[in-house]
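Consider the two complexes below, in which chain A is the common component and chain B and chain C are the respective partners.
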Partner chain A sequence: MSSVKITKWQMISVGVCYMIGAILHLSEVSATAGRDAWLMPVAGLIMFVPTAAIYCLLVKLHPQKCLYEINEQALGKTLGKVFTFLYMLFFFHICTLNTMQAEAFVSAYLLPGTPVIVCGLMMTAFCAFAIYRGLRAIIVIPFAFGIVSGAYLLFNFLQSVPQMRPEFLRPMLAQEPRVYLHAAHIEATVIYGEIIGLLTFAGMLEKKTKFSVCFIITMIISCLYLILVHLRERTLLGDLTPYVSFPSFGAVRMIGNVTGTLSRVESIYSLVMIAFSIFRVLITLWAVITALKQVFNLQSYTSLIIPAAALAAVYSMRIYASPNDSYIYGLNTTPFVWTVFTFIMPLITLVFAAARRLLTKMPTPNTSRKLPEQGAEPSGAEGF
Partner chain B sequence: MLIVFIFFGIITISSLITPIKNGRIKEIAIICALISIGLYYGIRFAQGEPAWSPLNSLEEWMINSTPFNYNA
Partner chain C sequence: MKKLLKILCAAVTLCVILLSLGGCWSADEISHKAIILGISVDFADTPEKYLVTAQIARPSQLKASSADGENAYINISSEGVGVQAALHGFETQLSREIYTGHMELIIFSEEIARSGLTPVLDYFYRSSEARFSTPVIIAEGRAADLLDIQADLEQMPVSSILGTMSNQDSDIIMSGTTMGDLLREMVTEHSAVTLALFRVNGKRAAMEKAAVIKGDKMIGSLTIDQKQYELLAGGEYDEGVQVCKIADGKVASFRIMKCVTKHNLKYENGQFSADISVNITGQISGITFGGEEYTIRAREDLEQILRDFITRGINDMFSATKEINADIIGFNEMLRRKYPRDSKSLLENWDDNYRNFPISVSVAATLTGTGAVRERVK
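Entry: the complex of A and B
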């Protein structure tokens, strides 16, 4: 159990910033649901409710424990370590995916021509430094940054309102049901499902604070934010949305082209996007390093930070042949693979945890017998 | 780019110093494993070749051989 304690609002800010970091991954949902993409955060959230209930129940059954400690308590030492190792692979994959997306974004729009490895190494070096400085740095970053950039994102949205064309949203809900199921599945697993990373912080939550409350508030704020992002994308870009590599950024560029006085606002927006993406890399890298510590029963993770960060940077260059491949997999198979990690594995853990709890609560044969008199020697064989 | 690689390589290898000083064998083994995997990916990147990764292989297998993909 960690000695560092985090408050309710710190936990919520970590969760919300982590979710906003998914902004670079929204193109799959936009491409699938088309003009109805703005409704998919709600559909995805409804689909995500059972998963969210599993997470909240897991933390309720194991208060003051993180995801990996819960695994070991519920599944036993060996199976628990296997699960933690699988989660480590999953978080490492997410970490490198986010690094790759951020690299692609920086080298395409922010600093064209910069080698991706330089971007990747700089990002992961920053994350490694933040983790090295300790958890306090990881928690303070979103709390301070989230408020400022959240206000900017809201201002940015309001700025785009005059250019929005609601007719791009019509006709509503006129596509095949399969399309909505597909888009909601992507939203529930790829966008919301990655919030499982927040469970690695569950052990640090203050005793009086309820994880479920933090989780629900985080999900609602994230859902509202995703709706706004999809709405802006669609109403500004229309049918062009699937053809733009980063639609949310493409939409902001439209504001720059239309308004006269406050043009080129996309430069600040891109910095905010990058900062949130780096924060997402930071959280997942933290999850990887703490998983390594848990799997191998290490005293400290400090010496693992730099090798893990360096590996993430190098791996991010080879994870897919190109960001396009990642997009194709994200559209077709990733929702199924992510379901294993975000739904099935936590469900198995919950079943084991519930079974353990039931077994410990069940009355043993001893209790029905007459208790030995005070002072009498207890017999070890009694009850067998 | 080579300078960046060398610089980061030196920093990575330097993280071995503390565990070696304190004789923490497990940590040394893990760091060496991470460096080896990193080298593998680095070399594949330099060669311009794809590299093996567990989740990617799983996704590739799923898209080609199972109904668990939306392309099927």
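Entry: the complex of A and C
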């Protein structure tokens, strides 16, 4: 358990900034649901409710514990470590995917011609430094940056309102049901599901603060934000949306008119987007490092920061030949693979945790045998 | 030992910072860029090649252009099998790297527009520098000639053309269709879009028609008057002037202050139809005939003249577009949005069905003023 405590709003800002960082990954949903993509955050959220309930229950059953500590408490040391190791791989994959997307974006639009390795190294170096500075630095970044950037994103949305064409949203809900199911699945597992990273901060939450409250507020704000992003994409780009590599950025590039008075507003927007993406890299890198610390029972994670960050930077260049491959993979395979990490594994953990709780509450005929305290390792836990 | 490590780390960091103060090793300075303001694309004399001409700004001459007779721009041309190849050819003629991030205009020749825009547009919409908000126009004859016109009131031909478009935009004659608009229509089945069609007369250019693009090909053109009625029927008309020519050389002109257009699509007895209602508010601008009876006291008569004139104009415009089979208002999209299931069979053969698609137009005109005088001065 960490000595650093985070408040309710700090936790929410971490969650919301993490979700906004997914903005570069929304093209899968836009391409699948087309003109109804703006409804998918709601459909995805509904589909995500059981998963959210699992996360909240896990934290409720194990207050003041992070995801990896919960794993070990619920599943026992061995299986817990196996789960933690799998989560580490999952977060490492997300970390490198995000780094790759951010690199592709920077070298295509923000600093054209900049070598990808330079972008990757700079991003991961920044994240490594923030993690080295400690949890407080990680929390302060989104809290300060999130408010300013959130206000800018809102302003930027209002700028695009005059050029929006609401008729591009019609006809609503006229596609086949499987289209919505597919899009909602992507939204629930890939966009919302990755918020499982927030559970790595659950152990640092102030005692009086309920994780479920923070989580629900985070999800609602994120859902509203995603709706706005999809609405803008569609009302500005229309049927062009699936053709654009980064639809949300492409939509902002549409803002402008023949006199040029309102054009080139995307410069600041792209900076904000990339900052949020880096924050997403930061959180996932943090999740990787803390998972490794837990797996290897280390006292401090400092020695893991540089190797993990360097590996993420290098692996981000090797993970896919191009971001388009990631996009195709994200359309068909990722939602199913991610379901294992974001739903099935937490569900297994919850079942074990609930069973353990039931066992500890059940009166035993042998009164001489001392029941283990909640959270303590029961004998034979390794057998799980 | 720990202190020594700290000092070492600080020294290394300081060295890295000092080294990077000089700038990036592959710095991309703006002063080393050839900033392209406009690009024209023609077919080259060499078969299967394009002639791309770029207007490049000369920032040093921007203020002093009129004083020393030097232009604030240069035009350079290059041939290539594609736009990208031709642009690459610029690199052999220029001391600077070309930059299209500030490109304000793309011009295609009518010949290219008629043969298909996809091969030439592909480069522009893939480029991370080019912008979807860049206006696209068509040139009658050689597109490169448009970049060589005499820009009397502006420093560069591109600015002059853009000024003409935006100036006309406020006076309703032509709105600028951007690359984004064009692409959006291109991916929408059966839709057509109009682009400004410029003609070069000597050293001057004028916007005389509107090119109708369907799919990615130019299939015909509309007159400026027809373009006005397209804007009126499409609900993109804000304000402007309507000059109603009546028999025997009589002319009544009106200043339109406000225009509201509504589309009502109907599906009755298995038959689709569209009602367009245009509600105009304006004032008398000039009358060349009649006596006292044609003042504000005869408002109803004048409103009738305006109403009939606009109704006839819109109907003529629809006849013209039906002849070339170009649904420039986008009824197919409106039907698809309003009746997604019922309209499926109709839209499958929309190219044929548009010719017989019933469109009724009703115009309401209200004249609210007589200008600076109340009565006609005899």
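What we mean here is this: the second predicted complex is superposed on the first by the 358 of 384 C-alpha atoms of A that agree within 3 Å, B and C clash if a C-alpha of one lies under 4 Å from a C-alpha of the other, contacts with A are read in each partner's own complex, and residues count from 1 in each chain.
Here is the rule we use: a contact is a pair of C-beta atoms (placed from the backbone, for glycine too) under 8 Å apart; a residue touches a chain by one contact, two chains touch by 3 or more.
Please read all numbers here as calculations on a predicted model, not as lab measurements.
J.: Taking the superposition as given, does A:113 touch the first partner, chain B, the second, chain C, both, or neither?
T.: Only chain C is touched by A:113; chain B is not.
J.: Look at A:303 in the shared chain and tell me whether it touches chain B only, chain C only, both, or neither; answer first, second, both or neither.
T.: first
J.: Once chain A of both complexes is superposed, is A:9 in touch with chain B (first), chain C (second), both, or neither?
T.: So A:9 meets neither chain B nor chain C here.
J.: Go through the superposed model and pick first if A:155 touches only chain B, second if only chain C, both, or neither.
T.: neither
J.: If we overlay the two complexes on their shared chain A, which of chain B and chain C does A:253 touch? Say first, second, both or neither.
T.: second
J.: Looking at the overlay, what does A:311 touch: chain B (first), chain C (second), both, or neither?
T.: first
J.: With the two structures laid over each other on chain A, which partner does A:171 touch: chain B (first), chain C (second), both, or neither?
T.: So A:171 only meets chain C here.
J.: Can you pull the chain A residues that chain B and chain C both touch?
T.: None.
J.: Touching chain B in the complex: which residues of chain A?
T.: Against chain B, chain A makes touches at 89-90, 93, 115, 117-118, 121, 125, 182, 292, 296-299, 302-308, 310-311, 313-315, 317-321, 329, 331-337.
J.: Using the touch rule from the top, collect the residues of chain C that touch chain A in their complex.
T.: 26, 28, 104, 128-129, 131-133, 135, 162, 165-166, 169, 175-176, 178, 180, 183-184, 187-188, 333-334, 336-338, 340-341
J.: For a test of understanding, state which residues of chain B touch chain A in their complex under the given definition.
T.: Residues in contact with chain A: 1, 4-5, 8-9, 11-12, 14-16, 18-19, 24, 26-27, 30-31, 34-35, 37-38, 41-42, 44-45, 50-51, 53-56, 58-59, 62-63, 68-71.
J.: In the complex formed with chain C, which residues of chain A make contact?
T.: Its residues touching chain C are 108-109, 112-113, 167, 170-171, 174, 237-240, 243, 250, 253-260, 263-264.
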